[in-house]
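First chain A sits with chain B, and in the next complex the same chain sits with chain C.
For the complex of A and B:
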């Protein structure tokens, strides 16, 4: 679709009352549309394809559509993919779900989505599909049928099946898709991944705990063996897959929508989307929303200078991503208790983050020298490595 | 909270992963299918305390001390499926009527919770941290979500009483 036609479409969508406006913004009236209410029921459904590969922008777009589009009589399919990122579910603990130090080294961001479910790795070889509908029309099995039927049509020799847990398995045992959803006031969205040609090494390396000894009631991920569609169907092209999915969506829901490319960072089309993306990027949302948890572990400390080692016990409680409590039990002949207490005290109230913790202890370390300094340093390093 | 009318599919895999959720004899027969009688009125020692309902299927019960206890209805917990996590607010949070105050995650979806009234959160049900299934097993009693002050009692008039809520449920299901 040309830019001009696209602009025309978006204006028509506004005029027909596709969008709900609240507050002091412009009130769009629900007048009948000349463009959309044609003999073909295209006004009942829309297929959108995001031009962005930024995970936060795409998640913000989902939020925007959920908040602003009237989905009572209509449905939307959104197709999107991201540059490498790890995405955790609404109530998950990133320290137990993924390897944060490895992600930092590789420059791979973490995002927390608003839907439930488990942790997934995204890259350009993974397709995300979001099915928007009214809360009444929420039907995950039906949505997944769009995917399974499309794949069966493309490659009949592949055994593709949706499970009771709303995963999609290929050839009986390989997970190629996982599902999560969100139910809001009147609308719902159900999104799922689809592994076309993602990087399996990155996936398995990054989806591992950062820290040992975490006790939490956060929703856990259920780990499954995965495979890419291209592992078993090497000739399947990305564009071919997208086309088949759009066709099957139209068939399943009785629509004739063509895929429209959109830019989720465009504030003129999606006013307020930038603010939504900023919120999703924030530390308060990404880490601060982690359910309360504790970490308990043994620290092995070796003073190489004197060839002496000992074992210390660490217990930390983290609430809203901040260290709420810290207890260090270190043998008193290795380090005077007042010093290990000082380390604990300086960490309480800080973000559970190795950079913040390192900054906090640096000040403390300056006040010591010689053997005490060396041992405090060792202890601090050990604590920081637990923080991940 | 937001509720889906269709498809109450239960994922059996979840109960093997999360041992706190059990599916057998503990399920109350009321939960098998929505019925007109919800057992909503709770008799306390001297007074009959009634529940008011929102159109998002939260209930609020005004206690003797004027504090409101908030939870979700039987209709809602049935439609949600097994609750696996309760995201509740901090004590002290100020809420306006219809503000989102948290979310429940179930096998079905993450679902927002909306405050029935304006007030301040004074207590949250800490039992739900280790036993989120209480919301399913005992939605009017042990599975309460939070307690709040009632800043504007007139707002109670905007909520549905039991017969009105029953009629509302029936109209949704048609």
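For the complex of A and C:
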């Protein structure tokens, strides 16, 4: 029944889609007024629920709303969740925040969001809430109050409190929600996670650094003990939680919006959203936007044929995700210096990415044979393992 | 003798011509005669304009001199004629000149310390300037309403142009052909100047706007300090209102700071990762205009100049958003902003919107321009062109001449960038490959039977979750061939002293991945079944698509097949990848007419193959025999079954 209702609303939304061609703001004015006329006619607010579980699509939807919707007279709550994914903050270093090799093996995507804050793990047991408002109406504690009040209403016995750092703690020590936000000239959004029944093992294994010895001014994540809501309230149902949050949002902001299902890949509703998602997917955004950093480490090398061991020193500077400088000090009895210089040379200018670096060094390896080839191969492998 | 007289006559004629030309060129029809020096004098540190300022010289005796008459408000402006050479030259360059509504024009100029005047002087140019130069509004120009028509003779190649254009011209020092920005503002006359350049003409006008300290505004929640995370601009960059200046972060909030002014960034107060304080300066912006023109927020539009022919209903108080530069453009073209549909963020009106609006009105992307106007490569939108083509030009168009054919000026430049990373490695490998004496051998293969076989096996394979292409057959057939010709699966040392016969058949295949063309290899093909090869190819393709091919997959190849035909082409000339000694390139599979055994014409699936081998250790016969064997396996796939292990 509710599904029918949503379908109806979606049709209305679609019918108003042509407004987008004349002015993007219109859609939201008209569509929301349609919803409001049917229920009440006080103030303008919307609750949207994304049908997509693709992290890039959902982040692109946030950007689209932020960029195209007039939020001066209106506030919007977007509810969404993702298939397993790791999301880093705008100014973070993915190599020091998450275990990229493990993520590649498991096929878990990495996304860089446009808001600040630290790294979070998403899966279908985690709810994301995005509060859109004008920059003037931007108030994170008030938004968090919606969540805490809703949870208190659902389970009065749980001790749920928001902290000064805009985290939400359960029973005083377990973090169940993390926050990040983005402010533009006129619009703003604040999003937070809410761990309902996320996979704690994946969370802890994936949020580990992939490369050792990174020196950077990138925003570090502060790890905290986390818990799922279902750990302490096993009977808490997903639907129940959503309903309570929507109700509390309406109550807090004096609205009477019902939740509308939307598809963030729908170009007719959100023209240009696909392009935004593609940009968020790109290597240039996800890795290339990493603040410049350096990586300094020792490489242990063992030539099994001669039972010879030595250690090399590697120093790399990475700017915009590209190797800017590479210094490889290898004992000269192990490898002639010109060969280690050659490895450094082909890495400079290449992406700090094991795939591209591997492609470059393997081409280089073709020009060597015998013992030198073997040693160079070992060295390259060691360097590539650092790249993560 | 006759010759000398002729020469003399010629010389005299040339001289006369020359002088005549000079006089004609440099004699304006205005109140100024050619010997008038329009100079700039200073009085107790503040400039008093006695007449005008003028431009730089460009080398030779006959120079183009820009003369811009600057008139200050009545009390400070006095006009006096001075004979040239009376005053020391001052090098000044025009930076900008802009209107302040209908009241007058703003000008800013910079004078170097030769006469020790203040560095930045702002002068309000009242209507005087308008009166002097008239206006460039099309209505006025065509209607001849110009109060005082200053039609200076313009020599070909010297254009009437706007002040901005001239300043640009000066910047470029005419070292290369000019491309003029489309801008219609003030027209200024050009003089041809004859005279003693050394004393009087070392002058140009530098206009510089006031420098504004752009302060970090309050970002709410009581935040007093933020960390600067990324600069989007650097010193010397030009910014427009609402352009992003930097990204700051505070307490998990990422904030984009946008410019409130149009101008040039003169100073950044913080490095990346420094802490910036709210209320303290973030950048210095040299604004293009006076502060009176700077609007902090969106403003309610004041109607532009009234135009009788406008019958559109005016939306009073309708909020339009546009930068001052756009407003000016609109005003100069008598366009009401309320009539323009903005395509920018929040419906903001962009320069393109004004140009498009103008194009729709006039039927061309450009307004009527002087004949010598050059245009930067215009990109008229298809709709505009279509409208123009369909004759859907603006209402007054019937009286206008058809739009002129615009010959675009090609402004793109060559780009040089260093060879780095993978490409650099490739250079090295290919230089090594070039030392190998290659020989080529080509043949065609009839794949008709393989096509049938594969279509049968594909279903089986897909039921096991593996996509089966032709490639596994090609690879397996090559491996079976290599068992008979191990010399093709070998490597030679650099000095060509030893051949190493490789035990493993690690067959590489060129693969178009998300990260470019890479050559991963299937290891130990001699041990694998066709299905296992297909499985491995599927895995490599998935890794390639995800950008996850590692050194393991990419190194250790002993023989290579390049499936270039999947992109196109029939024959190729593949280059051996050292230390390998042979490579094959496969063309596309085409259905072509061929004769069968009984002489009947049949459609056959034909693929061309091109081999390259290292002639130092491989002779043509070996390659040919290998190719025949490989072809045999593919033309009669049943044979493969016999030899499979």
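Here is the rule we use: the second predicted complex is superposed on the first by the 346 of 388 C-alpha atoms of A that agree within 3 Å, B and C clash if a C-alpha of one lies under 4 Å from a C-alpha of the other, contacts with A are read in each partner's own complex, and residues count from 1 in each chain.
As a working rule, a contact is a pair of C-beta atoms (placed from the backbone, for glycine too) under 8 Å apart; a residue touches a chain by one contact, two chains touch by 3 or more.
The shown structure was predicted, so the numbers you read here are calculated from the model rather than taken from an experiment.
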Query raised in the report: After the chain A overlay, clash or fit between chain B and chain C?
Result: clash
Query raised in the report: After lining up the shared chain so the two structures overlap, which partner does A:350 touch, if you call chain B first and chain C second: first, second, both or neither?
Result: second
Query raised in the report: Which holds for A:202: it touches chain B only (first), chain C only (second), both, or neither?
Result: neither
Report task. Determine, under the contact definition given at the top, whether A:91 touches first (chain B), second (chain C), both, or neither. Result -> both
Query - Contacts of A:181 with chain B and chain C, given as first, second, both or neither - result: both
Requested in this report: Mind working out whether A:222 is in touch with chain B, chain C, both or neither, as first, second, both or neither?
Outcome: first
Requested in this report: Using the touch definition from the top, say if A:260 reaches chain B (first), chain C (second), both or neither.
Outcome: neither
Requested in this report: May I ask you to name which of chain B and chain C touches more residues of chain A?
Outcome: C
Report task. Give one of first, second, both or neither to describe whether A:124 is in contact with chain B, with chain C, with both, or with none. Result -> neither
Report task. With the two complexes overlaid, spot the stretch of chain B among 4-12, 22-30 or 40-48 whose C-alpha atoms clash with chain C. Result -> 4-12
Report task. Determine where on chain A the residues touched by chain B overlap those touched by chain C, and list them. Result -> 89-91, 114-117, 135-136, 138-140, 165-166, 180-186, 217, 219, 291
Query raised in the report: In their shared complex, at which residues does chain B touch chain A?
Result: 1-7, 9-14, 17-18, 56, 84-85, 87, 103, 105-106, 108-112, 114, 129-130
Report summary line: chain A residues touching chain B in their complex are 89-91, 114-117, 135-141, 163-166, 180-186, 188, 190, 217-220, 222, 291-292
Query - Residue ranges of chain C in contact with chain A within the complex - result: 219-221, 229-230, 242, 247, 249-256, 258, 272-273, 341, 345-347, 418, 420-422, 424-426, 428-429, 432, 491, 493-494, 515-516, 518, 546-551, 554-555, 577-579
Report summary line: Touching chain C in the complex, chain A uses residues 22-25, 67, 70, 89-91, 104, 107, 114-118, 135-136, 138-140, 165-166, 179-186, 217, 219, 283, 291, 323, 342, 345-351, 353-356, 358-367, 369-370, 377, 380-381, 384
